[in-house]
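Please find the structures below.
Each of the two complexes below includes chain A, the first together with chain B, the second together with chain C.
On to the complex of A and B.
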């Protein structure tokens, strides 16, 4: 496969054709904030946190779905990017009900961590305070829509790693939400294999092991990578 | 129409509480009301949440006694799951509760109350605080601060709040006590005992010169409620409910905490934000009862540990039947510190205390579960009703300050009767009313206003409802 040469933050980089800017940056040790990206599953560019500047392109582009090109000049940090990333985060917080201090993911939440690292000390938008329910009908897992950021990681692992196809997105705009099967309680789903991959994939406290108490949801993402590596490369090696 | 005096402490954090003193037409105090802002909204806020989150959520109710709420909440969770938690988990929860008793009682005694009776009631407020004590008796102040730290240290060793914001959870606890943790606790014990001895001596001397306070700071007949073991021994986290009356007779015993509503009614007064619980068979307001250290010592037969048992004997001599003066809450608090230290000491030599078998697991097996624990300030009830998926449908919390509300009213009225003359609002009244409330160590941010005094606003309202006089302080 042909190699492409490009520069990220002024650093000359060689990446395989077909690689994304995010992959190229990761390989070069350059960190770009992400939320909907999860190693092992395909990207959809849903969260817009990984936005980067590309010379000659007026729009900001998501690093996770933009392929590398010869001679590309990418910038991963700038005042403009910081502003957009913060705004995106604030909108995520304003859209649902996030009470970190009593959340099962407190201390282990990717959204919360990004909030800290991007210096989000307050939200400038009015909170929507929507009324979302908690679904604890499943024997093992629970889903709290109040904390869902619609990254669709759970949907993608469910369809493309487990192959069950239980999870889906329903509704539009602020009414969008994750459903199981034909929008029925999770506990009544026929297709759910109870594998728990979605719970491992979720970046926030939206999906959790039933009975989890505050700050108790720590995920083991290595498990997902392990499965993907095993399937694609026939190598059963634990990710560290 | 009668006259009304309003004392309004404006708190810095959680809104405000206020006191109204009612005068009859002759200008004599007929009654008083101490209004407290409470968390009825909180109970609503929890609805729809999974019960497993409750120990974490409820400890945010109040920054002053989060440990008590999280313990009661975890117990309510046990009841919903219908599990017996592993024995070591029960012991560790108790150990934490004992630490909470020590730290909370030490704060109440040394920081908040002692300045009044050690330095004198009418010492200027600027000195009548913990700094005044430091100036007058550096050793004592330091010892008191360290005793509180000891209690806090136990809580921290067990719960490490940075890692486990909710350590006590439905089914047990989340992490064990380590050997190092145990040794740290053990090392503190001799000093903690010594401080408690000094405080007990000091309080007994205080009693000799404070008979007037014993008489007028909330000395009236009432019922008392507390948890006791099956044989009547003092309890703080297990056992069953017992009510005694002011003659010391047991009027209800071994009531299953799950059925508390068969003996406790809750009256909601429009004039107050607080629900006023009462002993159901006697009705409201005849069923007024007190909770907390004074009540626990009145309802129990023994402490179950030798040093505190010896003290309990002298305590019981202060009353005919029950000890009825709320000024003696202070004494009861010190005896409970002593008992807590003795129980903590026992746990240090308990081989099971280091066990890491700490959590029972189960789904929902009861749709209603009640968790009762003795908070330092009194019996605390968490009553949860869930659907079969464990989502909360109804939450009822009964807190110590609510249960003591009627007694606090009576205490304020009794003190006011001695100090209100005409339309004057004398400074001695403010100081003593403030202390009368402090006897109950209510869980208000104003009551833990350690530096300086409670902010008070006093209003004298005439028979026609007009304000005759007003004093604002703090």
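On to the complex of A and C.
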């Protein structure tokens, strides 16, 4: 495949044609904040945390779904980007009920970690305090809609790594939510294989192993990487 | 002249004040630098005038909280939202999810449905303040200068912020000094 030359934060870089700006940056050791991206599953550009500036393009572009192009000049940090990233995060916090002090993911949450890294010490928008349920009908796992950020990582692993197609998105706007099968309790799903991949993929406290209490829900993404590597490269190597 | 420091306890569990007491020997340094003019730990009935800094624990839950908060804002130079209940409204605001009738339903649940003996609602005009329809973080009501999240904020973070303020630098918590939950 043809190589493209571009620059990221002033650093000259070559990347394979078809690679995303995020992949090119990762390879060059440049860190771009992400939330809906998960190594091994395809990208959808849902969260907008990875927005970057591209010279000559007035709007900001998501690094995870923008392909590299010849001569592209990308900027991954600026006051403008910081402002928008923090705003996006604050809106995510305001939209559902994030009570960190009583959350299974407290201390191991990607949403929290990103908030800290952007200096988010409070949320400027009024909280919506919506009413959402917790589904604990599954034998092994639970789903707390109060903590969901609609990144759809769970949906993508369920369809494209497990191949079960249990998880889906239903509704629009603030009413959007994750459903199982035909919007029925998870425990009554016929298609769920109980593999737990969605739980491993979730960045927040929305999906958890039953029985986890505050701060106990830690993920092992290595399990997902193992399966993806096995499938793509026919190599059965455990992640370290 | 010593800085005039106040601390106040709204809708919170007192955990943030406990964390303040965890400052241990730094409290001894602190008494040389500040005068504590109002706090749950000192005997002062009314919030005084000309306060330099007030640490505010807790969410704004009832009419009394609201009234005192406005008075504090008028009489204080710098307000610090102290702990998650003040910063995000945290656990006290979980009743907001129950919608417009939440004040009645939580009182019913706590004092009637779950009461073992003598079920009745606490009522004493002028003594028991009515609950607000919506529990709010402090900055939703008045302007707040600084935010110190954490449930509770660790003593080290309190020390960092207070030290910055007393030495006259613009306080700013960064990286690991920010923590929710």
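Just so it is clear, the second predicted complex is superposed on the first by the 240 of 240 C-alpha atoms of A that agree within 3 Å, B and C clash if a C-alpha of one lies under 4 Å from a C-alpha of the other, contacts with A are read in each partner's own complex, and residues count from 1 in each chain.
Operating definition for what follows: a contact is a pair of C-beta atoms (placed from the backbone, for glycine too) under 8 Å apart; a residue touches a chain by one contact, two chains touch by 3 or more.
Fair warning: this is a prediction, and the values are worked out from it, not measured in the lab.
*Asks:* More residues of chain A in touch with chain C or with chain B?
*Replies:* C
*Asks:* Is A:129 contacted by the first partner chain B, the second partner chain C, both or neither?
*Replies:* second
*Asks:* Check the residue A:106 against both partner chains and state whether it touches chain B (first), chain C (second), both, or neither.
*Replies:* both
*Asks:* For A:119, select first, second, both or neither according to whether it touches chain B, chain C, the two together, or no partner.
*Replies:* second
*Asks:* Could you tell me if A:33 is touching chain B, chain C, both of them or neither one (first, second, both, neither)?
*Replies:* In the superposed model, A:33 contacts neither chain B nor chain C.
*Asks:* Going by the contact rule set out at the top, does A:97 touch chain B (first), chain C (second), both, or neither?
*Replies:* second
*Asks:* After superposition on the shared chain, which partner residues are touched by A:212: those of chain B (first), chain C (second), both, or neither?
*Replies:* Touch partner of A:212: chain B, not chain C.
*Asks:* Please work out whether A:142 is in contact with chain B alone, chain C alone, both, or neither, and reply first, second, both or neither.
*Replies:* A:142 contacts chain B only, not chain C.
*Asks:* Output the chain A positions appearing in both contact lists, the one against chain B and the one against chain C.
*Replies:* Common to the two interfaces on chain A: residues 101-102, 106-107, 214-215.
*Asks:* Show me the residue ranges of chain A that touch chain B in the complex, using the header's touch definition.
*Replies:* By the definition above, chain A touches chain B via 101-102, 104, 106-107, 133-134, 136-137, 139, 142, 144, 187, 210-216.
*Asks:* Which of the residues in chain A end up touching chain C in this complex?
*Replies:* Within the complex, chain A contacts chain C at residues 93, 97-103, 106-107, 112, 115-117, 119-124, 126-127, 129-132, 214-215.
*Asks:* In their shared complex, at which residues does chain B touch chain A?
*Replies:* My answer: residues 48-50, 52-53, 55-57, 60, 163-166, 169-171, 174, 361, 363, 389-391.
*Asks:* Across the complex, what residues on chain C touch chain A?
*Replies:* Against chain A, the touching part of chain C is residues 81, 84, 87-91, 93-94, 96-99, 134, 137, 139-140, 144, 147-149, 151, 173-176, 178-181.
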